Structure formats: C-alpha cells, structure tokens
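Shared chain: chain A. Partners: chain B in the first complex, chain C in the second.
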Partner chain A sequence: MSNLFDLLVAGLATGAIYALVAVGFTLLWQTSQTINFAQGEFVMLPAFLMLAAMHAGAPFWLAIILGILLSMLLLGLAFKMLLVDPMMRHGVLPLAIATMALAIGIKESVKQFFSAEASPFPSIVPTGDISILGHAVSLQSIGVLVVAILAVFGLTSLLNRTSLGHQMQAAAQNPTVARIIGVPVERMILLTFLINAFLVALASLLITPIYLAKFSSGEVLGQAAFIAAIVGGFNQVRGAIAGGLLIGVLDNLAASYVSTQYRAAVPLIFLIVVILFRPQGLLGRAEERTA
Partner chain B sequence: MNGFGKPLKIALGLIVIAGLIIVPMNFNRYGLFILSQWAVMTIAAMGLNLTLGYAGQVSLAQGAFVGIGAYAAAIMTTHGWPLPAAIVVAVLLSFGVGWVLGYPALRVQHHYLAFVTLAFSTLAFLVFRNESWLTGGIYGISNIPRPHIFGIATNKPLPFYYVCLGSLAIVSLAVWWLIRSPWGRAFMALRENPLRAQSLGIDTRRYTLMAFAIGSALGGVAGALYAPLTQYIDPVPFNLSLSLDLLMMVIVGGAGFYFGPFLGAMIAVLLPEWLRFTEGYYLMLYAIAVMLLLIWSPTGILGILDRYLADRRTKAASALRAVAKSRLETVQ
Partner chain C sequence: MRSAILAGALLAFATATSVHAQAIKLADVAELSGGGATVGTNWKNGIDLAIEEINAKGGVLGRKLEVTHADSQSNPGVARAQVQKALDAEPYVLLGPGYSGSVKVTAPLAAEAGIAQIMGGEAAELTQAGNKFLFRTSFGQQSSMPKVAKYIHDEMKAKSVAVVWVNNDFGRGGRDVVVKELDRLGSKVVADLSTEAGQADFAADVGKIKSANPDAVFVYLNEEESARILKELKRQGVTAPLMGETTLIGQKVIELAGDAANGARGHVGLTTDAPVDLIKAFREKFSKKYNYVPDHNGLKGYLAVYMVKATTEKMGKVDPKKFADTLHGLTIKAADEPGILMDVTFSETGDIDRQSFLVEVVEGKQVVKQVLPKVK
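Up next is the complex of A and B:
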C-alpha cells in the first residue's frame, strides 16, 4: 500500500502541472478557438528564458520574474498579435497547423541558440523528504502540488468572483452579446493569452527541475496536457483541472501496474474512449458554441 | 485552374513529367534519395488530401499508415516475398485499419476527430516500438531488399527513383479518376454539407468510412515504397510528427486541390534541403516560412493561385458584361 500512496502523491504532483497547462489550453480554445499544438513548447521555453537570465548573471528570483514577464510578452502578447489575430477568422484548422509550425520553430530555436543537451534547473522547493502518516513524501511533490493548487485556486477565484473574471467568461461564451453589454471582448481575449503564458511559465518552473530543461521535452508534456484538457472537458476550466490530475495519476499507476512500455498507451486509450462515449469530456457541457 | 488554355496545360504537364524523368539522370545519390522521398511523401499526402481536402475528415494519423505500410513491406520482403505482393498486403492492411479508424468519424467531427486520430497515431508508434518480435523494436529492420521490376534490378538509386516516380504516376492517375467519379463528388458533398448529401441519397456513413480507408491505403502504398527506399526502418520516422508533417504538407500545398500535395510535399521535403546551407537554422526558417504562408493564405499555395485566377475570371466576365451592355445601349 505504501507504494500506491507514493504513486498517488507523485501522480497528483505531475497531474497538477498538467492541469495548469491544460487550463491554459482550454482558456485559449474558449476565447479564440485556438488549438495550440505548441502548448508543450510553451512550457519548455520559459525554463530556458530563466536559464538565460541566470547565465546573464541574474539571481534565481530575478530570473524567475524575468522569465515569467518575457514569456507573457512572447507567448502571450506576441503569439496573439502576430499569429492568432491574423488567422483567427480563417477557422480552426489553418491556425492549428500554424501552431504546429510554431512548435517546430520554438524547438529548433532553443536547440540552436541554447543547447541540444539537457540542462539541470534549480528547484524552487528544497529537495528532501518529509514524513506524512508514516510515509516518506518528497518535498518537491508537495511543493509542486501546493503551488499548482494555489495557482488554480487563484485563477478560479479570478474567473468566478471578480467582475473581470465574469467579463472574461462572457467574452468566451458569447462574444456578440458580451460586446453589446459593453465588455471589451478584445481586451479579455488578450488577457486570456497573458494568463495562459503565465500558467505555462509557472508550469515550466515547477516541472523543469524534475525532468531537466531540454528542447524536446515539450512533446510529451504538450500531449499530456492536451489529453487532460479533452478528457476533462474542453470547454470547462474545472474539467481541465480534473483531467490533469486524473491523467497524472493514471500515467503513474500505468507505469507501475501495466507496463513501462505501454504506459503512454493508457491515457491515450482512455482519451479515445472518452471522446467516443462522452465527447464533451467528463465535466464538460454538451452544447458547443462553434460549429 | 481554368485560366490556362487546355493545350498549354497539357504541354506544361508534359514538360514537368519529362523534367522529372530526364533531369535527375545526372543527380548524385543524395539528390535522387531526396527526390524519391518527395515522390513517396506526395503519395501519402495525396491520400490525406482525399480524406481531409475532399471528404473533409480531419486525420492526424496518416503517418501511422505510412508506418503500417513500411513495416508490412519490410517484414515481407526480408522474408523473401516480392515487393508488389508486399504493396498489395500493405494496401489491404491500411485500408482495413483505415476503415476501422473511420468509425469514430461517424460519431465525432472536426477537432474531436483530430484528437482521436492523434491518439491512434501515437498508439501505432508504441506498437511499432514495443512489439519487437514482429517489428524489431527500437533496433528496427535492416537490409530491406529493393525489388526487380521486369527483370531489372533497382538496387541503384536511379532505377529505384523511377520505381517511386512510376508509382506516383499510377497513384496520381487513380486519384485523378477517383475525384472525377461519382465517389469523388460524394466525398465533396460530404465535406460541403453532410446533411444535404444524405438527403440527396448519398450513403454518408459508407462514404465517410471509404474516405478514411482509401486515404489510409495510399498512406500504406507510400510506406511500402519508403521501406525499400531507405532499406532500413525503425519506429522513429513514424511518430506523431510524420502525421503532423503530412497534414502540414496538405494544408500548405492547398487542401482540396489536386496538385496541393505535390507542392506541399515539395516544400516539406525539398525546402529544408535547399535551406541546408543555413546549417542549424534551416528548420527554423522552414517553420517561419510555413507560418508566414498560412497567415498570408490559409488555403495554401494553390489557394493564392485560385484566388488570383478567380479574380481574373470575374474581371474578364464583368468586362464582357460591360461590352455586351454598351452594345445593347448602342442598338437602342
């Protein structure tokens, strides 16, 4: 049983990171019908921005702030203005393809300008174990879980309790009516892009100490977040959170109970089953705004 | 594409075909390999263009079918079977699997379908990698023989390039015929308005499955040629990025245009080679080029041409109208 407990904690920790990324993913979909195939690379990049800042001599805390600000500038503002805005009116598919090209571009840029090797990344949480209920649990897992939960909690309170959040939801659910009642829809969409950039930067900060900073690490992560978003419900923030946690746990359990070779297959099969029998996702609403 | 005269079009086509036959004769080994790869990828992209461009069914699994075809060919030819037999098996196999993959499309559409096929693509990759009793696992299958066609050995790069080109020609003709047949019309009806297609008596269920199966079968053909082309296969080339690359080829070339896959594959296979002098930057430049192109014309390269020709036609038509009108006025 102790093994199962460890697996659950580790699974929840990675799942919480998936959830952060998946939430950003669903936010972009809701407000602008962007299926961001580069979301995994979006998580990979901020770690390198932070590393670059540290190479330039900045202390770790400053590098984190710079990294987050730069990613909001590049992955939020520039991504929206340069790629999404010109393509939004042409429908879902061309934009999705453009983000695939963007993913290649980001990956290759990091490989070219930084390094093709994996680089170690400092952890914001001290390493070591603490004992909970007689189990040794790594501080890192706990730290990741706490930060991710705080972030998700902050975001949901922003969305549900503030006027700004209500405006964002209105802009996502029905832009035409939102515009009529005076919601600055364009600004709200931009805001979701900035929030997504912040979330991926945070996820980057949390996951890179565990998996190292590598130009290709976005592929696995992007796919996990992707699956989490769909499984949970593509049009629901809380769905994406549940999906992320579920996929994290499922992935960890599959690795030790199914087979290491086919661990990646379990979430995929789960994804296919969910799409076929409950396409709106486990927590999603059935109705869809877009055709 | 009706802006050119018919004889001009035929002449242009003949020049291109003659060029493809004659020019590579003094190419080196690598040049021929790249050109053969272009022919193979064009076949796979044509299959996806049928599924996506004509029938409107999003698939992110074409790379998996190239893999299925490649493994079928590699396993059979290394066990002494001739390549044509392997191609038949590859086609049947990918047709069958493609048919089955079409079933989700009956339930879900658009991005959901994209996700299901994406998951399938990764699952296929896992099978290629893990079932080492069949596929050789991560070590792959080496020493894949090249065929004898009409008693001529195609071990050398040039003869095998002609095998690829000939296969491309056969597939092109078959697709040309298909999209002009009632089936092609049914596919397009499916894309434009499935409900209306059904009300006109088109069995949308069957045609959706067919669109997947035929498109996938062409992926299988491409794979069956890819294996003897590289003479060594392992799971890596058939991962998700091949499916994404093929999708990019179709969209960049122009989805739903007959010549789209030819151009798209040219850009995806040849452009990185031409950019190779930039060394490490070539994939970056390629990615930027694709993004700029899509921002400029989301319907791909042929979309630009199509718009230009449509513009010219409307201008010509309105000029004719103006002339006719002024004539009427002078008569009065």
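Up next is the complex of A and C:
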C-alpha cells in the first residue's frame, strides 16, 4: 500500500511534466495544425541553454530567466518564422517531417557543441522529505507537481478568463470568422508558439535534475507527451493535462506491477485501446475545427 | 671517397637492421578516438611508459621492446580490421583493445594466428569461450562478483539483498554471478530488478526496493543510470547501504549524482588511489610524463607490458608460440617484478586473481576503505 502511494506520487509528478509538454502539443495543433515531433528536443534544449549561461558565469536564477527567454526566442519565435510559416503552405505532413528533421538537428548540435555525456543539473526544489498521511513524500515530487499545476492553472485561466485567451480560442477554432470580427489571428498564433516555448522550458527545468541533461533525453519525453496528448484529446487543453497525468501514473504502475521491460509498451497499448473505442481522446471533442 | 661513403652507409644500414631485428615487436590496437578515446589513450600512455622504463634498463633478455599503435576508433569493425593488419606484421604479442565488444570480435583472429592477446575488456564471457590465447589485465565479472558477494555477506552483514542490474550482456553477466554467490553464502535476494540501458525514470524500481526492505542494495548499472538511481534512492529516502562496482562510484557518477553518491560503496579492481607504494609511484611517474592523473586503464596498459616482460623472462627466450602456455597458471610477484605492481596469478582461462579495493564515496571523493585479498 505504501508502495502504491509512492508510485502514485512519483507518477503524478512525472505525469505533470508530461502534461506541460502535451499541452504545448495541443496548443500548436489547435492554432496552426502543427504536429511538432521535435517537442521532446524542445524540452531537452532549454536545460542546455541554462547550463551554458551558468558556465558563462551566471547564477542559477539568472540562468533560468535567460534560458526561458532564449527558449521563447529560439523555440517560439524562430521556430515559427523560419520553419513553420514557410512549410505550412505545403501542408501538415511536410511540416511534421520538417519537425522530425529539426529534432535530429537539435539533438546532434547539442551533442556536437556540448557533449555526448550526461551533465548534472541543479534542482529548484530542495531535496528532503515531508510527511503526508504518514507517508514520507519527497519535496522534489511535491515541488514538481505544484509548479506544473500552477503553470497549467495559469494557462487555463488565461485561455478562459481573459479577452486575450478568448481571442486565442477564437483564432484556434475558426480563424476566418475570427479575422472578420477583428481578432489579430497571426499574433494569436505567435502567442501560442511563445507559450509552448515557455511550457517546454519550464518542463525542462523540472525534469532535468531527475533525468540529467543529455542530448537524447528528449526522445522519451516527446513520445510520452505525444501519447498523452492523443489519449487525453488532441484538441483540448484539459485533455492533454489528464492524458499527461494518466500516462505518468500508468507508466509507473506498469513498471512496478507488470514489468520494467514492457513498461514502454503499456502506454502504447492504452493508446491503441483509446483510439479504437474513443478516437477523439478521453476528454476530446470530435474534430470541429474549420480551416 | 665515394666507395668509403657507400661502405659507411651499408654498415649503418646493416647495424640498423640488426638492431631492428633484435627488437621485440608488440602491436597495440586501442580506442584512440571515438567514444572510448579516454580508455584507449590511457591504455596507450601506460604502454609507452612501461616500454620506456624497460628499454632504459636494457630491455627484455637484452632486447629492446618496440610497439606500434593502431586506432580502433572505438568501433568493433575497425578494431577487427586493425587487428588483422597488426597480426599480418607477426608481432610477438598483441595488446588491446579495451572495449569488450572489440575484444570479442578480434580474439578469434589472434587465436587463429597463435598470438597471445593481452586486453582490457571485462565482460565475463570473453574468457569463457575456451580461447587459449586471451589474457585479462583486470578482473572479469567472475572474479570480481564473488568478492562483492562476500563483502555484502561478511562485512555488510546483509541477510537480504536487492539486486538492480541493467538488462544487457554486461549487466546480466554480473547479475548472474552475484546472485549465485549471494545464494551460496546465504544472503537472500529479495528483489531482482532488471532495468533498461538509457532508462531515465527509476521511481518504480526504487519503489520496489523500498517495499522489499532489504539490508543492502547491489546496483549494477552503467554510469549515467547509476547516477539517476542514486538520486532516486535518495529522493525516496532509501537508507539501506548501497554496494556496487566501479560503475557505481566512478568520478563521473559522483559528478552527476552529487550528494546522492555519498555513502555508496564499490569494489574496484584497479585504482590509482590504491594505498600501494608501487601504484603510488606509477601514478607519480605517469602524471609527470603526461601531465594528468591516469585512470585504471593507464594501469592496465602498463601492466600488459610488464606481463610480457615477466612471462618472457620466465621462458628465458622470445617465443611467441610458447608465450600463452607459459602465462597460464603463472604467478608474478611484485617483489620480483615491481612493474607488475601487485602480486598476480593467471588462471588457465586467462583470468586474473589479485588483491582489490573497497572504495566508499565520502563527501564527493573516493576513499579506499579496505584492501580485499586475493581469492586464492
């Protein structure tokens, strides 16, 4: 029982990070029909930007700020203007393939300019335990959960409670009508790219102390977040959140109660089941976007 | 005048070729570039240092040693081609490679040529294929794991042990030996956990360790995964003592795991931190020549050349065909041959028996806590 509790907490903490990344997936899909196969590498890169800033002499807090700003510049603005915009007019598939190429490019560049070996990364949450319901729970897990929940809460508040959020949703759901009623659609799309870059940088900051900074660490994360987004519902932010948490917990329970060798297969089997019986995802709506 | 010059040149040529003919030729194939560059460069520098020392003292049986170095690029395919090329030149002994995978594909070539191969690989299977020409410079798993099991049982007094291993040839080989030995000694394996190479998330594995509540945990993973599990063990508050091999307490693991590495213990076959005077002297000579502190691969390369020297002197002649037979079963004492650094015995399979060290990570540094004696 104690084991189950630990697994749930650890699974939720990992799942919360998957959720951040999966939300980015869904945002990009909704606003620009971009399937970003480099999303995992987008999570890996900010950690290296922060490490580079620290190597240049910046203290950790400054490195975090610089890392997030640089990520928004490179993975938000530059990604949209240099890759998505030129490729978009050729359709969804060429763009998806271009993001695969980008993933390889980012990975190999980090290997080339940084190192093929893993590097340690400081944690924003101190190590140690607190007691919850008689169970010792690590502060790191709690910290990751709290930061991720705050980020998701902030995002959903922005989307649902502000005029800016409503404009973003309008731009996502029906860009033609949104344009007619005066929504600056292009700016809204750019904003979602910047939000995605912020979310992946945050995920990077939370996950790297546990997974270590390594050029290949995006592969697992990207796949997990992609599955989470589909399972939860690719066209719903709340679906991506639920999918992320679910996949995180499922992965940990599978590793513990099924087998470590097959842990990676369990979320995929779950994905197949969801696609067969509820193709729009657990919380998704049947596709209603009009181009 | 012209004939005098010609005669002089001929004489010089004749002298040079006669010296050349007298030199004992060794061939080294090592990981001088690619992922194993640190391993191969240390190994090569160790070889060069030993040869320089031996030649300065008059060589082996009055003949100088000569070595050619070839680069395997850390790639088994390239290693095989380089070894074939080296064997075509009919060396006395083949040195290297350092990677087990490269040793595995090159050992049949050396055996076919009847040339002894002294290498750096540590995978258990290398010396279990019946190859009569292959020799180790460090422990294989079948030599180190019994010492690890004995330490866990005798010193850690662990009645129950969790064993975590990486699911590849290296991990499975070590796991099989240690589980068998623990069982023989009476320590019960209460959790036997296989993990994947490159695994990032160890929360579930550590959860299982926690619920098994063992007296000790044996961790046998590669360096990066070792660092990740050490962090997770600390995160989940596992307090059972941790035991491993070089891969648990290496400098890279300490750098990656930070505080979480403190207290971890590991069995180390060769370390330049060993409290042995001859090893300290080696470390000093090496550091002076190359301006850096060698790792255990530098020691291995150095020992390989002194194995050649001691075996040849034991035979009393330079005979490549008898070399392997002589080295099998040979005990070389450091008192007789200081270059061998510690007393060592070679088995009929080419494995070694030698004293080793128990290292603990204390405040981010490796500290040798105990010297573990030879098994026999």
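One rule holds for everything that comes next: the second predicted complex is superposed on the first by the 288 of 291 C-alpha atoms of A that agree within 3 Å, B and C clash if a C-alpha of one lies under 4 Å from a C-alpha of the other, contacts with A are read in each partner's own complex, and residues count from 1 in each chain.
As a working rule, a residue touches a chain if its C-beta (ideal position, glycine included) is under 8 Å from a C-beta of that chain, and two chains touch if they have at least 3 such contacts.
Bear in mind that the values here come from a model prediction, so they are computed numbers and not experimental data.
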Counting only touches as set out at the top, which of chain B and chain C does A:Q261 meet: first, second, both, neither? both
For A:I230, select first, second, both or neither according to whether it touches chain B, chain C, the two together, or no partner. first
Tell me the contact category for A:P184 with respect to chain B and chain C: first, second, both or neither. neither
Quick check for you: in the superposed arrangement, does A:T127 touch first (chain B), second (chain C), both or neither? second
One more residue to check, A:G154. First (chain B), second (chain C), both or neither? neither
In the superposed arrangement, which partner chain does A:E117 touch: chain B (first), chain C (second), both, or neither? second
Return first, second, both or neither, reflecting whether A:I272 touches chain B, chain C, both chains, or no partner chain. first
Is A:I104 contacted by the first partner chain B, the second partner chain C, both or neither? first
Going by the contact rule set out at the top, does A:A136 touch chain B (first), chain C (second), both, or neither? second
Counting contacts the way the document defines them, which residues of chain A are shared by the two interfaces, the one with chain B and the one with chain C? 261
Could you please specify the touching residues of chain B with respect to chain A in the complex? 58, 104, 107-108, 110-112, 114-116, 118-120, 122-123, 126, 129-130, 240, 244, 247-248, 251-252, 280-281, 283-284, 286-288, 290-291, 294-295, 298-299
For the chain A and chain C complex, residues of the former touching the latter: 2-3, 6-7, 10-11, 14, 116-120, 127, 129, 136, 138, 140-141, 209-212, 214, 216-217, 220, 251-256, 260-261, 263
Within the complex, which stretch of chain A touches chain B? 35, 37, 83, 86-87, 90-98, 100-102, 104-105, 108-109, 111-112, 219, 223, 226-227, 230, 261-262, 264-265, 268-269, 271-272, 275-276, 279
Residue numbers of chain C touching chain A in their complex, please. 35, 167, 193-196, 198-201, 203-205, 207-208, 210-211, 224, 227-228, 231-232, 234-237, 252, 255-260
